[in-house]
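Let me give you the structure first, and then I'll get to my questions.
Labels for the chains are A, B, C and D, by order of writing; each one numbers its residues from 1.
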């Protein structure tokens, strides 16, 4: 094991930060998210040998939500190459909300600013290989299975609720369609996008995903190369610049770890292996999964963000 | 010397990228910038012992322009602490242009998105310690002198031109004033901001600045600590997320080095020391100064950006 | 007959303005509109006795398109009262395009600015009385039948094309739905809206509609009161302030007649009876229908607008 | 006398509407406006023979503020012709606030939407004939003297306060300058604009101005023609479409009289002579001045607006 901390130390941080859950609340737009226990906070950290430190409410499963955006981006880039994907979506951060049409209309007929805002994510999801929605979704599950070692499943209740309340996403998608940025039919593009958001994961699975991104696409436990280094790098750039909704800049400043959050309260984070110039390596790279369903107005787990900030400062995880 | 390349190799890259100068043109809004030789391209790379590799049109001096924004931010944070500065300016990237009033008006009375857009930079400059413009500017020169080892001077012609054409900046500054975000008088805030933009530097000086940022505020040649590690980190975050105007995301994806550009065609870049997990260190940290006055529509040196991209790829300089 | 001009004089104006058709082109987004003969220009003017002056390409039929917006507004206001309608839609002009989401998102969760931009028109159409789309559409046809004396029909080809290309309108409607401004299901609201846009009319029918609006809701030929004076007045206000898309202000300044245009090239205009203070009445009120399918970038008939401008100046039709 | 009402009747309306003053408050941005007595409400109506009905707090003087915008527009159009003025400013309403930069930046480098938003008004003021500020201001006073029969004076205290707090207007003016829409120096353009806003008037003078606009530029009392009919018409169009800030549409719908308000609480309104088709003339045209310094969030007198609405409905003053 190569952890810089003991399970007890992590549990201490969990306890200290659990109080921050009262600063947020669960996402209210669909019942399945709203009824999550907002007092929960859990973490799994995985090292390059697959060992884990688990603490707090780690034995939970929840839906990927926006975390899926970075995964479909990686998947599509792996399949088609980065160049092809960047023809349809840019990689620039935007100060507007993740579901805003303003920047899009002002700069039209420009492509979406980046793959982590909804407009960009819908565009990317619609590029998933496959003729039908089922094909595309199967391929995305195949990719996730390669990442986490087991086939995740769709939370049908969440998907159905998402589908029925996706008015703003439909607005965005029809806007994209009108601008000739969406090759798929709008309802099909939404179906695949909302399905990917409704996939259930566990914290150890998130941690493994974070680990593989930290190791530039290679699973360090098995040595298997799952996606190219170039794709991993651009994924980390996006996680740093746009991964935490409209507080990505503050998260980069305070935490400094590539990460992507979702409104279910999950966060995947990638601590790349870093060594000092005296050749000692304070860490050899970790993947982190965090769950804290009380989210702030930006959509990020309140307690989860604070927990990551403290861990990063205490154990020097920042890439900056 | 610890360079991964020879001067000849760098000269080769200069030659290869000089053709990209024709894709841009010199900034046209003031004569002193417009009349720069748009075919120029030069670079100085400095290592942690103060050794340099100089190539192309490296023996030049030019004005800092927007590069000064990151320096005044570091200076003010060093003096007052990061917290005080972040009360007046946020650290979030924005997809709008560096001189846009749109995001500002939509989200008003919010503080400026970050210190590297003009609204944020004017706010930060106005915070420079000192009672008078002269005091504030002297203190900024003091700070630069500590960084580069000699006192830089103001290009009076550039300053006068900037002052006379600063209509958009005046609009921004009066907007800030109206929103109670500017404590100084507008004309005073503009004076100090435009003066800092009009300071002349040389490429080796830019490289040294980049080196000190890469070494988290310590001059590795002398061992002198010039600003706190925390300030250096947030500076690097801002350089990555917002340093290259509206192509910061693409620059992070393609180059991956914290950098800040100016419309004079200068770029300062900081390559932090990075080591692999086998304890070999491909680089021990560099500061880079680039000059290529032909800029693109975003305001970045066309050839300079390409040159940095090739060097980063060839010698693995990306932090991602 | 009470016309201030002879048919020959009107024909002279038609000839003079036909050349302006080359300054525009037919709407290109659906085949049925695109293939209209862009060189056409026709007019019918109807007086309070039902007499008409017809000139140019007057013997045509075409779809109402945006002209229907003012008619569904009148219909819904007549049924529910103005107050109820103004709870859901404002009556303020906007400088943004008729299909823009920008003002809407900036000022959210505000209601649509007015019933003549698409967002407002969709909101109003969805209020048409009736349980089903069929009921609502039947009621709208009933209302038109009362206005023009015969039951108009739906152009099925146009409706189908509109339905299949209505991406931007779907975006708007889903945006409305998400803001709780649309009680109907989005697809139902769009169906009724697009059906009303696809109703076929002739120029004499448009002229009669204009006449009834000019006479404040009373058909002066029969004396029948079809809608309240208050509704007619607010309709004329909307026609003046927002009736001609983003050149409504210029049209009011140059022509000064309440009017509403559509992208099919039709314009309905209402010349209210006006008398001078010496008690002579230069006109006793007219309804005007114009058809000129070559439209400008704002969506208004190029030649039709010029024709109305000349007639208004020559015969003092302006209400200002 | 040709009034449709007695002084007693008008006094009744004043009493009834005075309670609406508590729905607003005086403009707070400068002391001279803030300290006005917010409970005041007064009116002067003038007929074509110069007779007046005065009621409530009519014996007051106050500064023109935005009312001056329509007067400088009329003055400049009279001097240079409408065409020349419309090259620099459009006549389209905008849904954004009177001091917004948003529409301007989105549509840049477009000219200001209309002469009644601040950007347009500053542009128009800067066109006033004359070499110096003094010349321009003198010429504007000359024009006002022709309208009201005596030379009005500048309220120096108001002007000084306006000058010192005009941050937003300076922002707008520098924005205009940067877009090459302002020929004058910014500070000079602001001086003339703010001076015209700071001119003191009385209600009978406002009423006379309204009367002359209603009579298309002719003073009906003396028969003197002061400005062309075409200018009067476009002024009335602007008053209807943009005269009452962001509730111009609602004012047109509820009141239907061309009017212009200012944040001092003044409103000038023009009731054109209108006759019915039975040749009876319910009114022969009036000018109205209203004062009620308690303004709403849009900038319009709360009680003054209600008073005009009731009078318009009771005596059929609407042009629609």
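Brief remarks follow.
Basically, a residue touches a chain if its C-beta (ideal position, glycine included) is under 8 Å from a C-beta of that chain, and two chains touch if they have at least 3 such contacts.
According to UniProt, the chain labels map to these proteins: A, B, C, D = Glutaminase.
Just so it is clear, the structure is predicted and the values come from calculations on it, not from any experiment.
Look at the CA centroids: the one farthest from the centroid of chain D (Glutaminase) belongs to A.
Centroids built from CA atoms put chain D (Glutaminase) at 56 Å from chain A (Glutaminase).
Between chain A (Glutaminase) and chain C (Glutaminase), the centres computed from C-alpha atoms are 49 Å apart.
In chain A (Glutaminase), 102, 106 are the positions where the chain touches two or more neighbouring chains simultaneously.
Contacts between chains, counted with the stated touch criterion, involve the pairs A-B, A-C, B-D, C-D. Within the complex formed with chain A (Glutaminase), the chain B (Glutaminase) residues making contact are 90-96, 102-103, 106-107, 113-114, 233-234, 236-238, 240-242, 246-250, 252-253, 256, 258, 273-277, 279, 281, 284-285, 318-320. By the touch criterion given at the top, residues 100-102, 105-106, 167-168, 170-175, 177-178, 186 of chain B (Glutaminase) touch chain D (Glutaminase) in their complex.
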